[in-house]
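Just passing along the structure, written as structure tokens.
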Amino acid sequence: MAQITFDNLAHSYLPAPKADADWALKPMSLTWRDGGAYALLGSSGCGKTTLLNIISGLLHPSRGRVLFGDRNVTDLSTAERNIAQVFQFPVVYDTMSVRENLAFPLKNRGMPADQIAARVDAVARMIGMTDTLDRRARGLTADAKQKISLGRGMVRQDVNAILFDEPLTVIDPQMKWELRTQLKALHREFGHTMIYVTHDQTEALTFADEVVVMSEGRVVQAGTPQSLFDAPAHTFVGYFIGSPGMNLLDAEIQGTTARIAGTTIPLAAPYAPPKGRVQIGIRPDAVRPASEGLPFRLIRTEDVGHHRILRGEVAGAPFNLVVPEDQPIPAAFDRVALDPARIGVFVDDWRIEPLERAA
Amino acid sequence: MTTARASRGSAVVMTLYLLFLLVPIYWLVNMSLKTNAEITGTFSLWPQNPTLRNFRVILTDPSWYMGYINSLIYVVMNTVLSLAVALPAAYAFSRYRFLGDKHLFFWLLTNRMAPPAVFALPFFQLYSAVGLFDTHIAVALAHCLFNVPLAVWILEGFMSGVPREIDETAYIDGYSFPRFFTRIFMPLIASGIGVAAFFCFMFSWVELLLSRTLTSVNAKPIAATMTRTVSASGLDWGVLAAAGVLTILPGALVIWFVRNYIAKGFALGRV
Amino acid sequence: MDKPVNNRAWFLVLPVLVLVAFSAVIPLMTVVNYSVQDTFGNNQFFWNGLGWFQEVLESDRIHAALGRQLLFSAIILAIEIPLGIFIALNMPKRGFWASLVLVLMALPLLIPWNVVGTIWQVFGRVDIGLLGHTLAALGIDYNYVNDPVDAWATIIVMDVWHWTSLVALLCYAGLQSIPDAYYQAARIDQASRWGVFRYIELPKMSGVLLIAVLLRFMDSFMIYTEPFVVTGGGPGNATTFLSIDLVKMAIGQFDLGPAAAFSLIYFLVILLISWVFYTVMTAQRDRT
């Protein structure tokens, strides 16, 4: 096991990349601590699979280095990196039994038979397949096969990292929840470094200690689920995370006030006069119906159980409110009040800090 | 790197294999460009005095070039005929269950296992009896023996890959069966039709036993022309080689056009 | 995926039935008819029962041809199936070279069978053929016209030349359908090259391999044109395979009764062996 460092890493699938868009992965540096649970989150084509393939050794990066601990593994083959990987769809050896599948990575590394047997039994217990150990893998369901892949990933104790490439895509919804919980438990128990690639924010936020959000080949933010939610560094993180996502409104900032479509609202701290496209962002749960504030036009109300979502618009831009179940909604209201402490200011999509905290 | 060594190994294997495939063909081409005197007199790896005489003989003599035309006529007839009857049948097998469907499908396939030698004589008598002997349609019909089962099999595989919802949607939209089949369904399985046509063309083009038995003059295929001329005129090696080269050309052209579909057709595991 | 029952689908199958009835059933009935009758050549037939079948089953000549045929098909399968798999494993996966190799490999498959025979007949000749000439120059006594072993070797090499590509292309298609993730998983599991072949590639090829074995068995068992052109069945009867013998009997000697009985037995043997291959190979696949 080891800490994983990306040093000035970048990749392009073109031989001579020129424009910004030629890079599938734009230059990035990041350090992941040993034993952490990380998620790579982003929509398809954002570069997360490219990054994963660089970690696993399938791709050689155009630039930069990958380090496991102090060791530069950039030029090492997949086998030499000593990692495990679980793929999007189950990859099992059809003609082998479940037991042989689990034993395969150990047998190839020449582990003594009695140790293999002990390890396989332990893993089978973990993934709950003790009863089906001697069945052929071919006839099993997709769920069971994916559990085998999971087990093959866990069976070696000394791996540097276990990579998960959207592993729950083919799994039934209720099974998804069970497997995710199991994964989390396995992580707590064995402390492998785990890297989980997904486009599903729920999976990412519930699994990982730290989530790396990617968009268009760039790492836009890396942080705990809470910090992504509270202080998104980029408008993309704001609306990609949270359901519904962050409300974004074009605004003019003057000191401690923001002016939106002719209405002025207070901010919690003063900002330097920004240059570029300025927006303010606020989570739907930090807004409440009011008699004064921003003019709001309600379009419809959705009741989703423990809270309600009010969908509407402010100054022509979509704007949502989340109201807890126990809080009454006024029969008619045409204004909304924003919690100044939770307003974020974005310039050209990137979050800027207020003057006092920056100073 | 081990992968680099492995791919160099692969390149060596493929080069040797392709040499094995191409050298005999090269030898035929080589001979077709030589005079008979050079073929029998001296031994050379390439023509010393390249000549197109052999090709000229074939392209100017009707008894030669009509052979090609005859072959092409019955091959095309057979391909069209096989596809025309196989398309609806394959649709039936891929979409419906009906009385005896499995037995029927299996029985069709057994026809692919029938040795042409078994059928040569009965075909001869049957087609003589109905007055079709020495016509193109006789050969085209005879080749249906193995091409129709094959076409049904290939097309059924491709059709099963098209979701049934498409049929149902079309019927709900008010399409009649023939209109749906020709306007919507056939374009969807175009590559399947291409693959089936390719294999029908191929097996009809390469077959000799039946086509020779069922023809004498008017529909005599090029393949038969070759065998008879060899025995009759002795050893005109150059012309024989040129005729052989010319029989390879249509096949080579066809492969070139369907090369991107071959792998797909094979991928279905159906030939 | 339960298909709806619809007996009107028979109408769609009807054209095939009519056509195949004309091109298979009627001729086959003719064969059955001949097989139980005898004639003195004056178009007057009389009932002969199973006499012809008995004669064929007891004929040394046909036993010998059957033996040669079985040996030939066994050798063909033993060479072409492993070689085809090996070639498929070495074919380029994508790009221009893949297309080119595919086209070149398919070339022998589209050459008329008698031309295949002609190519090898010429190629093997000691006086004007590259192969025969080279072997002679190397001091090897090779003559496929007089020597039965040389004749067999020539015909086997010719068949390998002609048909190995078919096996290879089928296997190649099977290999192409394996997702990259399997190879990546094998690398991670540190599987050996043999392990990758045994546990990933071979299982994924089992479907196409079944087809390859069946096709190569059937077609090699029915082979007629190519050896007929090269050796005419000789020297002696050394390369007289079943089809060659049958045509000799039916068209050469016009022994309709025995030829017909022979035909039916021949057809049944092919069906039987194909069925055995099919059953054994699918059982193997379901078990492993």
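Every chain is named by a letter (A, B and C) in the order it is written, and numbering of its residues begins at 1.
By our rule, a contact is a pair of C-beta atoms (placed from the backbone, for glycine too) under 8 Å apart; a residue touches a chain by one contact, two chains touch by 3 or more.
Bear in mind the structure is a predicted one, so any value in this text is a computation, not a measurement.
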Q | Most distant chain from subunit C by Cα centroid | A | A
Q) Ranked by contacting C-beta pairs, which pair of chains comes out on top? A) B-C
Q | Centre-of-Cα separation between subunit C and subunit B, whole angstrom | A | 16
Q. What is the distance, in whole Å, between the centres of subunit A and subunit C, each centre taken as the mean of its C-alpha atoms?
A. 57
Q) What part of subunit C is in contact with subunit B in the complex they form? A) 3-10, 12-13, 15-17, 19-20, 22-24, 26-28, 30-31, 86-87, 89-92, 99, 101-115, 118-120, 122-123, 127-131, 133, 161, 165-166, 169-170, 172-174, 176-177, 207-208, 211, 215, 218, 221-222, 224-225, 229, 242-244, 246-247, 250-251, 256, 259, 263-264, 266-267, 270-271, 274
Q. Within the complex, which stretch of subunit A touches subunit C?
A. 56, 58, 77-79, 83-85, 87-89, 91, 93-96, 104-105, 108-109, 136, 149, 152
Q.
Quick check on the complex: what are the subunit B residues that touch subunit C?
A. 9-10, 13-14, 17-18, 20-25, 27-28, 31, 39-40, 43, 45, 81, 84-86, 88-89, 91-93, 95-99, 101, 104, 108, 110-123, 125-126, 141-142, 144-145, 148-149, 152, 202, 205-209, 213, 222-223, 226-227, 237, 240-241, 244, 247-248, 250-252, 254-256, 259-260, 262-264, 266-271
Q) Residues of subunit C touching subunit A in their complex? A) 179, 181-182, 184-185, 187-192, 195, 199-200, 203, 288
